[in-house]
């Protein structure tokens, strides 16, 4: 099973900038995370964007869709900001029928203590190889269909509609 | 989907004992890891043993089998030492037909830098919810059938027979 | 030698708030850090404030001064934001002659990968026990007199005037 | 103030070998730790050995002494295993009168959660710049004279004789 991981940014990949004290984007953490995971199946990483998902516009979501359509792999993990993950999933859901697309992300950046990022990445890399074709969101140890998921921002968890 | 995680020990759960300088077992890291993963699906943890898998004997593997048979959950993740993971899987494989059992572990303990443990745990928690009933080993970002997996100890990776 | 550690906030103690994605203050990391350091000398922790040092006003600096004056210990470490650390040191410098006061902080929060916080804390806890009475800033592995130090914000390092 | 850091091995620098499950030595963690500490004072690292201090013999201690005698810096930190740190300090104590030598180490390896290594390194780098010439042991947030220190192995702490 060949796997493609598409980075779009989001909390997962935020990096602390010590010169101005903000969390922003520098290099993606995913190359290091893939190596750390000791993945021996062929695994391609594609960085489509490094954006806070609140800053994503339609054109950004179309680029994610195009990347999925252009991919030769049948199993794709998309690392995405949590705030608009369901919106991007809703762009891909009606359009992709022949691949398994799994969105995931993190509540705490990969580089910060107590981060869920590495667990979520493992979870998504697993179910992307097993689920039937379609578009899914994987967060909180659960799998959601793209058209039945929302982020409960007050509680910081994903849940069905 | 309800999930059971069974701890048996192994590298995943080893802990540095600062008084004698050895890696041994104290409390399992799994309660903290489950919390950190922000799993919102019901998830039961059962500590069957805390053993280096090289020290496991037949009776220990039978206890793992019995725990799986007694479980009410249909999805079970077993955290196990890598050295004899295929052997324990081979005890469960012929015996369990109605549940999805996924073995996983770690090449580096959860508490040590660069550990694969949290990724593997996420991977296993995901595929255990999706794979058809049967017994599997999940390591290196791959899923292996219980009767077609071995640890390549020289390379430190799992592969088919 | 008895030691007092005074927390005022700053980057050292910032905490990622996963509900809104900001770095802010929750509980100080210092109780955990003191335990982790295995300090066996008597060591008192006093949390005077938990503020970004850019938000500190004169009254906040006066509270730090008052805490130092009230302390019975002769060796005091003050964990402080880097942006106005020299300003607070300049309030204490002319006022305290009978104690050794060492300011330190961090360029990266304690809870984020690659943080200098724990090194700086160790450095300050050491020199506070050895330097003659006076007020100092300890950052970047160096000791600065309170009246001859500035933060080079472009480079992210402390240096003499 | 110029600083020399001499690595001799010890728990500080132990590394988990995932192929055989042991803690042993590979590359020293000190180059990464020095960079992480953002030390801006000139700082030379010299790796004299990478040994468990229980395996050190007289010749190893003589090499540490020779390295200190050959050093041009007046402030030297020696990272050493805790089990025989006082013995090596006792070799240097009578022989070195013109430099400040501070031994330190760790109860938990640098790369393992909850390690004291980075704090101890900061502590030693600080006091080595301030203490009068002589040989010292710095552990547990305290400074010990080389001829009045022992490791309490049952408690895992350093204390006076």
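So that you can tell them apart, the chains are marked A, B, C and D in the order they are listed, and the count of residues begins at 1 in each.
By our rule, a contact is a pair of C-beta atoms (placed from the backbone, for glycine too) under 8 Å apart; a residue touches a chain by one contact, two chains touch by 3 or more.
In this text, all values refer to a predicted model and were calculated from it rather than measured experimentally.
Chemist: What are the chains that chain C and chain D both touch?
Modeler: Shared contacts of chain C and chain D: no chain.
Chemist: If you take the mean of the Cα atoms for each chain, which one ends up farthest from chain B?
Modeler: Most distant chain from chain B: C.
Chemist: Can you spot which option in B-D, A-C or A-B is basically C-D again, with over half of the contact pairs the same by residue number?
Modeler: Within B-D, A-C or A-B, the interface duplicating C-D belongs to A-B.
Chemist: Give, as an integer number of Å, the spacing between the C-alpha centres of chain B and chain A.
Modeler: Here the centre of chain B sits 25 Å away from the centre of chain A.
Chemist: Mind checking the centre-to-centre distance between chain A and chain D? Centres are C-alpha means, answer in whole Å.
Modeler: Result: the chain centres lie 44 Å from each other.
Chemist: Taking each chain's centre as its mean C-alpha position, how far apart are chain A and chain C in Å?
Modeler: A distance of 38 Å separates the two centres.
Chemist: Identify all positions of chain C at which a residue touches two or more other chains, and write them in rising order.
Modeler: Counting only residues that touch two or more other chains, chain C contributes 107, 114, 156.
Chemist: Work through the pairs of chains, note which ones touch, and then classify the graph as line, ring, star, complete or other.
Modeler: Shape of the chain contacts: a ring, since each chain touches exactly two and the loop closes.
Chemist: Pairwise, which chains touch?
Modeler: Touching chain pairs, listed by label, are A-B, A-C, B-D, C-D.
Chemist: Inside the complex, what are the residues of chain C that reach chain D?
Modeler: These residues of chain C touch chain D: 1, 3, 33, 36-41, 43, 107, 114-116, 118-127, 129-131, 138-143, 156-159.
Chemist: Spell out the residues on chain D that touch chain B in their complex, using ranges where they run on.
Modeler: Per the stated touch rule, the residues are 11, 16, 18-19, 21, 23, 107-109, 111-114, 153-154, 156.
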